[in-house]
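Shared between the two complexes below is subunit A, which has subunit B as its partner in the first and subunit C in the second.
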Partner chain A sequence: MNTASALPMLQVQQLSTGLGAEGPEILSAVDITLNSGEVLGVVGESGSGKSLLALSIMGLLPPAISVRGGQVFLQSQNLLQLQAPALRALRGKAMAMIFQEPMTSLNPVMRVGQQISEVLRWHRSLQGEAARQESIALLQRVEMPDPQRQIDAYPHELSGGMRQRVMIAIALAGRPRLLIADEPTTALDVTIQAQILELIRKIQRDDGMSVLLITHDLGVIAEMCDRVAVMYAGRVVEQGTVMDIFDRPAHPYTRGLLASRPKIAAGANWLCTIEGTVPAVGQMGGGCSFAPRCKLASPDCAQRPALREVGPSHLAACVTPFERMSDPRAQTP
Partner chain B sequence: MTNRASFFRRLLSNRSFTIGAALVGLVLLLALLAGYIAPFDPLKGNFRARMMAPNPQHWMGTDQFGRDILSRVLHGARISLQIGFMVALITAASGVLIGATSGYFRRLDGPIMRLMDAFMAFPSIILAIAISSVLGASVVNVVIALSIAATPHTARIVRASVMVVREMEFVEAARALGAGHTRILLRHILANAMAPLMVRMTYVFAVAILNEAVLSFIGVGPPPPAPTFGAIIANGRDFIVAAPWITVAPGLAILLSVLGLNLLGDGLRDVLDPRMSVNTR
Partner chain C sequence: MTTTPLIEARGLRKHFERPRRFLAPAEPPVRAVDGVDLRIAPGETLGLVGESGCGKSTTGRLLLRLIEPTGGAILHHGQDITRLDAAGMRSKRRAMQIVFQDPYGSLNPRMRVSELIAEPLVIHGVGDSASRASRVQRLLDLVSLPSSALQRYPHEFSGGQRQRIGIARALALEPEFIVADEAVSALDVSVQAQVINLLRELQRDLKLTYLFISHNLAVVRNISDRVAVMYLGRIVEVAPADALFARPQHPYTQALLAALPADHPAQRRTHAVIKGDLPKPDANGLGCRFANRCPHAQSQCLTQDPVFHQTAPGHQVACLRIADGSLTL
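Up next, the complex of A and B:
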């Protein structure tokens, strides 16, 4: 699909971030790889550092949080070494981001068309009528009903789903190679969710764009992604293809996540859960951060397990990958 | 479009806004037309008509030089409103510049705001008196003095609303699309932080009229014989028992202007920020 090179679109290597210079670590040696033209899902529960990972890639970390180490490569460019103006030129052009809340991600005092044209002006030097026509084309692309009229709408006149379409149109305006979507459907109705995901998938296929999709919804992952990275407490605990993750989960946490999906089948009136909660930032010990909640924990888990290959391009950070636990569903009354 | 139309509809159905706007409009109209409707020359005395009580010829009486008070008040409104308007405009500009810089660039916030605190430590009228006595008495200097005195509070208000908007998600979204600081500050933050400033401007306008009167009264305002509300009152204070009309007329003019502006500001605030509104109807 991609003719440029065999380099991955995005490569995050050993990225660590922390609160200030001395404070606790939040992301801890995160490794992810997103190949060209691929959709990589990042899944994990709240507080696992998914969104922070996205912000670190974009260079938009809040001032209180700083990068401690590691590298972020966008193809051959090391983003962490770029000066602010160079990074700003990449944002919106080489990489764009869609946020979770379509209700608040648009400027309430600017018309939809102005907000799209703004990006066209910065990144593609389109002005006036050319920018307007291109904005209408973009709205058409995101399947906005009646784009000729909606281009002059203010955000408050649009529904949540339509606003998210506008957000996608804005993100596409600079023709990015990498799209980061941070829980793009969490705030939407289920029916709209499906439409928006379908739209992202379609655009991704048409353009051969690379997408980093952040979500806590395994259903979204199964539907959308080629490969998946599972995050837990600021670390990547498993990375592999969708098949690997769903059929051959190696890490106990991944298995726990899969088991805790609600099922309608065969009289399952009991929700499986993973006991305990994610350790608070700064409360993580030196070992495996999942060990306190893991039924398979052994003294070996006091050493932090590295991400290692457990199958072809399937990585897991566990000392006992694939070990079967007794099926939690069997224990439910 | 519908948005804008409904905004004006809500403004017009707000009683305090409409009364305020009517008062301000009336004063403004009289000031603009002063040259045509004033029955006499505001500067020219008439020795045969000194200290006359209100009568059919001189509706508001005359002063010790026989100058027509009504004509002086009408022309005075011109200067006083000009001063108020200029002060509101300059204060808004400097307040936005200082407040936005301070609210947006965290590193500059401390130093700038401590400096503003230092200004705010003085009561603004004392500050204005000090500045204007250093600069000398003239209309321009009064405007400068009153603007400097009103800027710190205005900057603080702008800073506060900039800090609120700065943290909103669409600002981060704009940043994620490659917007630079200037762009974000102007189009995305300031455009969404204007409401408190607009209300503040009506208040600064009103206070400037009042403070100009104070400055003139103690003799550091625009030099005589220029008629301003304050100058006319200052001139009449020696005769307040014998000829109270000299002070009452400009006093009423100040009352009407300031009341009108305050009502206007209240109405504007109620419509711009419905959560703050006190239901008076």
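Up next, the complex of A and C:
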């Protein structure tokens, strides 16, 4: 990890968003820190708010959802205070994003090369042949076979894996410092997923890029991330190094998530489950949002627990992290 | 296996003709399933894995004759049901059911849960309305849904609960065989674990036989007794689950397992991943389907069809080079 630059690449502080001005809260006082040159994973189930977090950072929230409070710093710049033109100048240049479904996020009536050149023209003032050559170079970088020919392809002529390579080429076109990847391999087959993850990792290492990797898949987290933030019902419940999360999970939700995952090495074991379901937006009480499903819940959980340090750079939002790991109720499936 | 399989496929094929385009020459059909042999013993779970387009869902549908095969035979308790007429098939269908992936698309949104679960009973004329109501209640208990669910509509339930409704529907006619087609794939991991455990409990209590179709190898590992790996319309390897994951033989199975993300950050992938995209299943039907991506392919692999070769009891591999002993892994 890069300790030379003291300022984190991305810092989200107490970020809250909600539906309209009065509607229910969706993200609730979210804190995450992405250090320069590292891969931070954000893991959570559907409805945990992880994709919305990405959109908030990029300033791409749908009109119905508004930021209620908090700060988002890209290095020293507070993104939430920027006017639209200033944000547009950053988006695609300082920070870029790739999405889950490359078919719907690429323009179906534009050739691949034009879509890459658009970024080059906008952010790097490259025109004509220079833009075309740079587009080919970018396609080479994302290991697109036969880039001289594929630059003139339309998205529908490409496979899912190839489309995701194009998305990555577009994201890289502005030479971003921060890449936000929202479920980049979820729609792909496992052999193609492996290729794309490998590619993201290679580019991240070569460029020293910082990556915010959003996924529901703990396998992808294990494979790719330096540090991890676990989200549940619009809140970050735990944050730590990938080893902390897998070996010393402090929050009962993190422990439940890890235990409910089928593993090849575990064979035909009986899976642990988390009873109940994620609360709907607007149905979260004032206390710990996981308490209704938590086997260790106590009256103390009626107060919302703050993220606090439970180990070196390991944070958890639970009134009794670790303490009751030996509690037999924590072990029973 | 010496006992008669509950369900068996012999040389099963399904080719889909492609629409003719004006003045264009006819394109060859898509060989979605192209010579599949499999046997599932009573009470067993056979996992069927493979990537998109490999024909695993088509195989599941063919076994239930929800679609008609182009060739080959389907046997139920040794009886050929491939040519059974509608009336004959109807009685067979009571014994064979399917649970689909999408708990949103597979339940009629205008029907209450009580009607949804009772529908198969009504269609097959089972019991009167009073006995059906009590059966629906028992089914609801079986899948751990509260009685209050009966009067509600599918949209009022979460994905996991909807999948329980789908399972209750599939169980209504007391089938012996269930095809679970990506039945837990749309669910979050904590809910997925609940539904996997439920399927295992139901199998134990009701002596069910499953064909469990999934692209998720870890889920298949967890639930299956035996596993078959499919690639472009063919089964390339079949083995007891332990053996398949401990000693994968076919180069494709090995590539598939090597592509899985790590269970733990200390076990990250260090080896190169398999290159290339999945080809479309419309090849000329000659040779090994995996040959063009296989690191061990030789010229014979492009022209000669591999047949199953037994490498250990119950462990069969369709690879020419393993069969002739020139490739040992």
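The rule is simple: the second predicted complex is superposed on the first by the 310 of 333 C-alpha atoms of A that agree within 3 Å, B and C clash if a C-alpha of one lies under 4 Å from a C-alpha of the other, contacts with A are read in each partner's own complex, and residues count from 1 in each chain.
Simple rule for what comes next: contacts are C-beta pairs under 8 Å (C-beta built on N, C-alpha and C of every residue); 3 or more make two chains touch, one makes a residue touch a chain.
Every value quoted in this text rests on a predicted model; they were computed, and no experiment measured them.
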Does the subunit A-based superposition show subunit B and subunit C clashing or fitting? fit
Touch check for A:89: first (subunit B), second (subunit C), both, or neither? first
Could you give the angle made at the Cα centre of subunit A by the lines to the Cα centres of subunit B and subunit C, to the nearest 10°? 80
A:58 in the overlay: touching subunit B, subunit C, both, or neither? Say first, second, both or neither. first
Quick one: classify A:194 as touching subunit B (first), subunit C (second), both or neither. second
Partner chain in contact with A:178 - subunit B first, subunit C second, else both or neither: neither
For A:218, decide between first (touching subunit B), second (touching subunit C), both and neither. second
Max touched-residue count on subunit A (subunit B vs subunit C) belongs to chain C
Quick check for you: in the superposed arrangement, does A:99 touch first (subunit B), second (subunit C), both or neither? first
Return first, second, both or neither, reflecting whether A:318 touches subunit B, subunit C, both chains, or no partner chain. neither
Report, in whole Å, the shortest distance between any C-alpha atom of subunit B and any C-alpha atom of subunit C after the two complexes are superposed. 7
Overlap of the subunit B and subunit C interfaces on subunit A comprises residues none
For the subunit A and subunit B complex, residues of the former touching the latter: 58, 60, 63, 88-93, 96-97, 99, 101, 104-110, 118-119, 122-123, 152, 154, 156-157, 167, 170-171, 173-174
Given the complex with subunit A, which residues does subunit B contribute to the contact? 1-3, 106, 168-170, 172-180, 183, 187-188, 191-192
Which residues of subunit A touch subunit C in their complex? 45-46, 159, 161-162, 189-195, 197-198, 216-225, 242-243, 246, 256-257, 260-275, 277-278
Which residues, counting only subunit C, touch subunit A once they are in their complex? 51-52, 158-161, 188-194, 196-197, 200, 215-219, 221-224, 241-242, 245, 255-269, 273-275, 277-278
